[in-house]
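Right after this note come the structures.
In the two assemblies presented below, chain A is common to both, partnered first by chain B and then by chain C.
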Partner chain A sequence: MGKYLLRRFAVNLILVAVAASLAYLLAASSLHPRANFAGRNPAPAVEVVDAALDDANINDKTPLLQRYGTWAAGVVHGDFGKTWEGGSVNDEMGRRIGVSLRLLFIGTVLGSALGVMVGAWAAIRQYRVSDRVIGVSSFVIMAIPVFVVATMLMIGVVGLNRAAGSTLIEYTGEYNPTLTGLDQLANRLNHLILPTISLCLGQIAYYSRIQRNMMLDVLGQDFVRTAMAKGLRRRTALFKHALRTALIPAATYFAFAFGTLLTGATFTEKIFGWHGMGAWLVDSIYTNDVNSVAAVNLFAAVCILIAGFLSDVIVAALDPRVRVS
Partner chain B sequence: MSLLEVKDLTVTFAGGIEAVRGVSYEVSRGEVLGIVGESGSGKSVTSLAVMGLLPENAQVSGSVKLHGRELLGMREDDLIKVRGKAISMIFQDPLSAFTPVYTIGDQIAEAVRVHQRIGKDKAARQAVELLDLVGIPHPDVRARSFPHEFSGGMRQRAMIAMAIANDPDLLICDEPTTALDVTIQAQVLEVLKTAQRETGAGIVMITHDLGVVAGMADRVLVMYAGRPVEQGPVDDIYYRPRMPYTMGLLASIPRIDGEEGPLVPIEGSPPSPRALPPGCPFAPRCPMKVDACDDEEPDLTAVGGGRQVACIRSREIEDKGLTGADVFPVPVIPADELVRVPRAERSTVLELDGLVRHYPLMKGSVFKRRVGTVYAVDGISFDIAEGETLALVGESGCGKTTTLQQIMQLEAPQDGRVVVLGKDSANLDRSARKALRRDLQIVFQDPMAALDPRMPVGDIIAEPLRAHGFPDRVDELLELVGLSPADAGRYPQHFSGGQRQRIGIARALALEPKLLVLDEPVSALDVSIQAGVINLLDSLKARLGLSYLFVAHDLAVVRHLADRVAVMYLGRIAEIGTVENVYDRPAHPYTQALLSAIPLPDPAMERSRKRILLEGDLPSPADPPSGCRFRTRCPLFARLPESQRRRCVEEEPSVVRQARDHGAACHYAEEIEVITASDDQEEK
Partner chain C sequence: MRNKVVLRRLLANRQARYGLIALALLVVLAYFGPYIGAHDWSEKDFLSFLSAPSADHWWGTNQIGQDIYAVTLHGMQKSIVIGLLVAVISTGLAALVGASAGYFGGWLDRAMTWCVDLLLVLPSFLVVAVISPRLKNASWLWLVVLLAVFGWMITSRVVRSMTLSLREREYVLAARYMGIPGWRIILRHVLPNLSSLLIIDATLNVSGAILGETSLSYFGFGVQPPDVSLGTLIAAGSDKAVVYPWLFFFPAGLLVLLVLSVNLIGDGLRDALDPGSTR
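For the complex of A and B:
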């Protein structure tokens, strides 16, 4: 079992390297940081521009593979290079990574937990009104892109705040820097509400659909009947025997769901004015900031592969059949 | 007062489908009631209704009283105190009946703790004791195993352990041995009898196997189309049935002690619960039907001696002493011309010489490496003469299906030779292989899965004809297998199981093959339907001069259909010879155990029969025992002195001739009789 996970981890590490390299090569060949200097008045001398670009290892006069080599050597030593303006990518990432992880962590945990519960409940109430309502809502939510959901939530909250006459729910930024202590914490939590909801909704919808199907497969199985024949209550049998077994396939979807969550987080951060990794990606693409784009992509690759690894761990923990062989 | 009293139990599913239409029965303490019927007769639904385990869309009415207390309509809070405590249930498929993610020990301990206020470790110890009681070796270790690590027989034992955990008053067994091999079935039935002795419980035994019921039950209830049609003491039902359906059922079962010759089929198939015929539901299939049968459905009426029958002509049947063989028309099967030619003078259609098929056992996801070998087929030889039926029998995992696939592939085997109609499969080129396929056709086990559901039957049968450029003769083929040419436009789902199997046979016959491979052709069918298909196969063989290679696990069917039989065990042939030789004078201990394990549909014989019970399960074909593969379970080996055992451990026996056309692969082969001859079965 330990060996199995170790092997999976090694494979994941290789995948991260491949994903990050491809992302760098794509960013370095399609973004043109030189254009950032072109519009300046007075136009800087070519030597000055070259020097600035060389400093950040983003000069298009250097061969792509050579730039890649320099970048990769830096990354291996934990140095993600410089932004096009000469700042440290590492420092910028340090500031932003916590912001994003906070959103992603809460989004994943709440999204999957609530999604599984909603799905399992819908399965038990198959074809009843509640099941149908959940089904239709899930599909509606899945059909609406995250940025529309986020904007609609924001409009709703603005209306609510106006009706209440005070700011009940914060709808922009991460926190209010003027507050301190417990007030600051409460304020931070308040700021989390809307972004979390907009991130979670899609996750809940997605997980609920999967979990409902898995649960329905299991509900008809003989072992649920056996559990009830033993004298367990229907509720206990469903929870302890059916749901526990139906969780296994849902856990394998964990890695896939995380991908959509990451994409969603990009929009959510941008819309709610959070200075996280997603917002940074969008900004860096605007400013042709090759190294920042590559760094964000590396972060995304690591996140997705950690999610994949976690999903392996969860499956192994849930399913004795995987553990034994 | 009886333990369980079921009265007028009716179960209606959504859409007004009446699955059970008024079932009444009683079970006393220590009594075994057998409920018999074919699939769809409502026997399982009845028992689930008693347990209150039917899905919510089922409407249950009538009365179910346990110790005089009404169970129907009981609140869940009270019902959970009854389930698993006073009534326990044993389900058919022990694989799906255990939750895959918990250990066997935990699941049994859970059953204990639901009803008894004891600590976790005490419950765990009790689980181990229960596993020991049902004969699971090393119960303390096995309790920590997960269900998928148990074999089928072991799981069913564990299921029984769980059912008797709280010393129930009533055990409901729903087809408890249907999914098991015969030798394992014999073991499990033995455990059930032990369990009954230990608990003194009443048992409701639901099964389609009349042999199992004969050995277990005190009383029998026969169900048809959701209703009981006959009820009474087991001997009365078996020796003096009064309802034509029961009579037909008993007459249609092939028996291992039976005579050769046609079986008695019940024409037609059971009615759909959506469209029941007016009057008696069995009337459309009944040879004794009179006009009055269509007027109204006869009630189950007491006829004395604790018997109840639902037939308006039951008195007449009683007075005339009619049996199934008297009433049901027995088809005349033409004699086979070829049989008169001595076997040695007939040409050989299939010859297997030392056939070997090993599968590598691989490990690893990216870098596969070989960690072992599965010895699926490990050197088997036999031949089939023209016009002959050879049956390949054995329990699951013995290599019958692999053998069959090797033959059908028509390619060079890993070792040994496959010679079909004089042509060695190793020397065939593409066109010769295609040409040879015409002469070698197959009929599959599951008639539903073997037919494309989106193709009309006519196209299904015409497909081989088109592939080989033969003229269309679909109508003729349909008539050959007893269907009408008008059926050609219909789809497989419009046919019953037996009819679908006939379609499969028609397709196999389309190219006028010389050798037909039959892979368990009747094991998915109900007994009353099975007899018709067996008779069809028998008559086709005689009319068309076919040879059959017949793969089966049901030795009774084999006795009826086959001329010669080869018994396989772990990839080797244990015994081979003519059916008479092997069945009447089995020489290999495995054949003897196999034959003695088969229950006979004859209560008196079942009661007096001595079984040779095998220990344990089939060893893994990846790790067969040294020397004789059967020695780990062999009752003969266990009796041998140490000096003689050495030979079994060190030397692998090969098939040695016992008599003319009879050979056994045993160093100490000794012919004994295990099926008591019973030619007085009808007169009783």
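For the complex of A and C:
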């Protein structure tokens, strides 16, 4: 088991390296930082532009592979290079990574836990009104993209705040820097409400659909009936025997769902004015910032592989057959 | 015979029936609606900027005086076409890659599985977004190619694992012993046996592609002006949505209805094509 996970880890490391390199090469060949200088008035001298581009290792006159070599050598030593304006990518990443990880963590935990619970509950109440309501609403929610959900939440909250006459729910930014102590904490939580809802809704709908199907498959099985026949309470039988078994297939979808969560976080950050990694990606594509784009892609690849790794661990923890073989 | 059974089951399925009716209405609206409207999508009414829905402009106008009804339907046409093209291409790619990886096995299988793993590590949204600056001044068909090329991986995994079990069937073995080349066996025996899966996936890929296109266009990474799609319209409308809701709600509503109806059909197809299904 440990050996299996170790090998998976090694394979993942290679995958991250190749994916990050590909992302760098794509970014370096399709973004044109030189264009950022072209619009300036008075136009800077070619030598000045070249010097600025060389400083950040994004000069298109340097061969692509040579630029890649410099970048890769830096990344191996933990240096992600410079932004096109000459700032440090590492510093920028340090500021933003926490913002994104917090959103992603909350989105993953709340989304998967609530989704599994809702799905399992719907399966137990199959064909009743509550099951139908959950089924229809999760189907509808899955058809609504994150940016529509987020914008609709924003419209709703602006209306609510206007009706209340004060800002009940915050809808832009991460916190109010003028507050301190407990007020600050409460304010941060308040700012979290809308981004969390817009990120989690889709996840809850997705997990609940999977979990409902898996749970229904398991509920008809002999071992659940046996568990109840030997005198377990219905609740214990459902939780310990049915839900645990039905969680295994859902756990394998974890990595995939995380990919959609990551994309969704980009919209959430951008719409609610959070300065996270996703918003950074969008901004740095606009500004032709090659090294920042590469850094965000590396971050995404690492996150997805960690999610895949976690999903393996969860499956192994739930499924004794995997642990033995 | 089988087609008839499938069709009957599909029409008997309530979800699929609603989905088909809704999709048909939406397509009719997208392609024939513009002829009923009083304005052309490229026309600018300089007497009404950002005016609310009225008898003249049914769904209102935007800040440059375009009729939202005409522009939205025009954008929906593009979104539908992109969705269909991407779904067909990416499902075809998935079928070919998955089936040959599963059938031939060996190094080909290993190489393809590795490629799929690699492509799954980077979300397709990020990859296409990074390449998108090249789409400026390029035809929107390049966007279709990009969305298709980065959207086939999950289907191909399923195809591969199903091909692995099909490969051992007697009729496939018989064909192989008769000396029929592998690519022909794939086309004649493997893919037809996977047709239900492929049809379902192609349908669901349509809604996936529409969502992918609108998501990219929302940030300006997808369809480029002067082309419009539901995504660019939603992007243009969402920052003014609080004050001028008609800019946002008409394109967003049509997008959700479109995706919803395609998903309903896909789900209904799954039930209709599943031989184990009792209905």
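Descriptive notes on the structure:
The working rule: the second predicted complex is superposed on the first by the 325 of 325 C-alpha atoms of A that agree within 3 Å, B and C clash if a C-alpha of one lies under 4 Å from a C-alpha of the other, contacts with A are read in each partner's own complex, and residues count from 1 in each chain.
Rule of thumb we're sticking to: contacts are C-beta pairs under 8 Å (C-beta built on N, C-alpha and C of every residue); 3 or more make two chains touch, one makes a residue touch a chain.
Because the structure is a prediction, the values reported are computed rather than measured.
Taken together through their common chain A, the two structures put chain B and chain C side by side without a clash.
Applying the stated contact rule after C-alpha superposition, one finds that A:Phe267 touches chain C and leaves chain B untouched. Residue contacts after overlaying the shared chain place A:Leu101 against neither chain B nor chain C.
Of the two partner chains, chain C is the only one that A:Leu15 touches; chain B does not reach it. In the superposed model, A:Thr245 makes contact with chain B only, not with chain C. In the superposed model, A:Arg234 lies in contact with chain B only, and not with chain C. Greater residue coverage of chain A by touch, when chain B is weighed against chain C, goes to C.
In the superposition on chain A, A:Ala113 makes contact with neither chain B nor chain C. Here the apex is the CA centre of chain A, and the angle it makes with the centres of chain B and chain C after alignment on chain A is 70°, in steps of 10.
Once chain A of one complex is fitted onto chain A of the other, the partner contacts of A:Ile306 are absent, as it touches neither chain B nor chain C.
Minimum Cα-Cα distance between chain B and chain C in the superposed model: 6 Å. Residues of chain C that touch chain A in their complex: 117-118, 120-123, 125-127, 129-134, 154, 207, 211, 214-215, 218-219, 221, 234-235, 238, 241-242, 245, 248, 252, 255-256, 259-260, 263-264, 267.
If you check the complex, the residues on chain A that touch chain C are 15-16, 18-19, 22-23, 26-27, 30-32, 139-140, 142-148, 151-152, 154-155, 158, 256, 259-260, 262-263, 266-267, 270-271, 281-282, 285, 288, 293, 296-297, 300-301, 304-305.
Within the complex formed with chain A, the chain B residues making contact are 48, 51, 53, 76, 80-85, 88-89, 91, 93, 96-103, 110-111, 114-115, 146, 148-149, 159, 162, 166, 366.
On chain A, the positions that touch chain B within their shared complex are 11, 221-223, 225-234, 241, 244-245, 248, 318-321, 324.
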